[in-house]
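Have a look at these structures, which come just after this line.
Below, subunit A partners subunit B and then partners subunit C, in two separate complexes.
Now for the complex of A and B:
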């Protein structure tokens, strides 16, 4: 009997949940967080009873907005005086306080009644993974993330890239898109500018090595490499051996791009 | 306006003229409806009559709304109860219906709150049925703390 009584306590108790917001959409995750703050995950749910749980959100600094919402999505404010209107872009708000975007999203999602403030008080947001110990000790479970965490291309190992399924090899005389070429040339230039001097040459060579699927033969200069890319000609040997040259070529610039962004 | 006995009813200060008595009963009927209103519309017939009509209109509408609201509440609660056992609400209800288990949402919700083990066994039944039908491959755990006689106890 005693055990049953304890079970009942657990029903009425406020449990603490952990939500990892790393690369999660704040709007999607806010609906999920609000679900737990309201207490809709309990069979004893009622709209007027205050049975919500605590939610601890970590990594709120690393949320990812859909599309170009960082630039487009705006937060509005009006002081009430003439000319008192102001709007703040999401990226700006995130820069000022990395917890604000997800906090506002949850606040908007919660039902607009007298319980809203109390429910918001049970939401604990932290920009990084560090959580105070007194909060961390309360946490008993984790909320599933709303979307799979995407992996950057430079985070894949060479083995994974090589073992990626491929339907066909590019033909010898296949001309790649102009946009791709531009990105490639820009990246190579930027890389030169970053490293500079002797290092740049070695870096370039390394990249070429990777692009040619680990082949030993490398063009001597960067310019020659660029020519190769522009004309879109590739070594017949590479194709014959069935190396992953085209794939790696398509992937690599992207990875550089993303790396540059971050 | 409560008349427990005819004796008490006779104690009311009725008008003497019989034609005015009808008027008195008509007014008291509407005042009975407005007895819980706020302000003068509780007692003054002229003010009480229109809110009284409105209250009856609301009551008519609410008779339907109450059923819908309760259904929504039960569905939310059942969804939460099913999710606790890794089950989808719609799959759960469908498999119960197909198996001719005539438990409605209200009874299932009460089971989920007051008899969680019973509800868990129902969920387990639904999962087993899903396996047999072959639509989904679900893992089944037997309810915690229950000892089967013939079946192996996995958990």
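Now for the complex of A and C:
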């Protein structure tokens, strides 16, 4: 009965899957990972049978939370003693242990029964790409990511940015984002000084820079002044000569970052 | 509220429930007393039964309700066959039964020469039946598996004609009470001999073809649910596969790892495929690479011999009426194959 034996062995064997969590939503990923840990992708699936697979998650440090969940999403704990309640923001938990967010999410998505702990033991999470060899040799397939990995602007080459199709140039006095109108004017000022008073306020390049540059992006030409502008508005104001921008449009760039409450 | 009257009624009910009417011959009526000794009495009966042991198995004739001829007639009719009455009777007579009867007569002082017993044992019929069954089974298997090796055919035939299979059949077609043996219940060998003798009796009563149909309907279906590749044990599947491919002029089998999982654990799984001339000829999973490779070779052999799991079922029943068997034909044997390849190796280059 050797034939039936190996067939049964192949049926009941546990497959090892790889999941790359790089810039993936931990909640969507976890529901998918839990699907494999339970074994729902198998034709022999049964809710009470322990037939789930192993899943190795890498790059858990680089997950991306939806919306402002890093700040808003909270993990609660109560010690059981009076006053023992505490809550931790997701960003804080991620700072302490970069595998915890995804682990907790998977634990949440698994069915609440006696098989839950055993299934969690088959989940192997690594914050970086480095995986021990004894685990890596077991892997035979990978799970598709739940969302496409977006490309950051600094990952595009200058050629790609320049060749990006444009329908029109922004008018020179059009304010795209607070602070950048001023940068443009600063650049134009510096160019004026270089060219000896020529009027060159409008220009496609500058518009491009504004389009391409994110909040932290700085145009390469005349970057010094732009940096000054972003870091400290006072200096920029001093340098500013005859700009149309009202002061109310300037905004402190620090305020958008991490929430204070945790 | 346990009044005296209530208690009395309860006792009456208990008595009724405790006594099965047929086994214990006590009249189940309401009694005037409490029957305090009843439990002890039943307990005693139980202990006595344990001490005496179970009832010995007795032939129905000892109970006085047995008509041997009628039972024999019914036996033949159950199979829908026309048996010769005397032949069928002879098919059930064991050798030890005749000896026992002769000894009995000697003790009684009856002369066996003047008053012969007139019984013949079933061994001749059994020999004949076995011969017919064996010949038909082999021809039928060769017809069903024309690409299987002769060794495999013999192995499957041996399984069908084995002690175990025939005993299983014999014990389930109602031979037990009909067998005339020295002891009752009859020994295992008596079932097998009698079953073979019934085949022989049918062949003599009607014809050999009729007996072969009987074999096809009763013995061959024992293969249903069995894997014939498991009935025949191949010692060196890879060597046999090499020889087969060489005889067909194909390239040697080349194992390749198709897929593996959990290699660093005790639950490792490997899928190995065998290729010949860049063509997949068999694949199988296995716990280790070696096992998977061997099983892949067996899988490739199955494909070559056309005995895969997905093969068509055996031709039985109404469909099998029209099949024509060639009793002289033999399948290719492994020995022939090896001789061919050796000859090719030796003389192939010279020619």
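For this structure, a couple of remarks:
By our rule, the second predicted complex is superposed on the first by the 162 of 262 C-alpha atoms of A that agree within 3 Å, B and C clash if a C-alpha of one lies under 4 Å from a C-alpha of the other, contacts with A are read in each partner's own complex, and residues count from 1 in each chain.
To be clear about the criterion, a contact is a pair of C-beta atoms (placed from the backbone, for glycine too) under 8 Å apart; a residue touches a chain by one contact, two chains touch by 3 or more.
None of these values were measured; they are calculated from a predicted model.
In the superposition on chain A, A:40 contacts subunit B only, with no contact to subunit C. Shared-chain residue A:72: touches no atom of subunit B or subunit C. Applying the stated contact rule after C-alpha superposition, one finds that A:140 touches subunit C and leaves subunit B untouched. When the two complexes are overlaid, the chain among subunit B and subunit C that reaches more residues of subunit A is C.
In the overlay built on the shared chain, the residue A:149 is in contact with neither subunit B nor subunit C.
In the superposition on chain A, A:175 contacts neither subunit B nor subunit C. In the complex of the two chains, the subunit A residues touching subunit C come out as 1-4, 6-7, 9-10, 13-16, 54, 134-135, 137-138, 140-141.
Interface residues of subunit C facing subunit A in the complex, by the touch rule stated above, are 227, 229-230, 259-265, 267, 269, 271, 284-287, 291-292, 295, 298.
Subunit B contributes residues 73, 76-81, 83-84, 109, 112-113, 116 to its touches with subunit A in the complex. For subunit A in complex with subunit B, the touching residues are 40-47.
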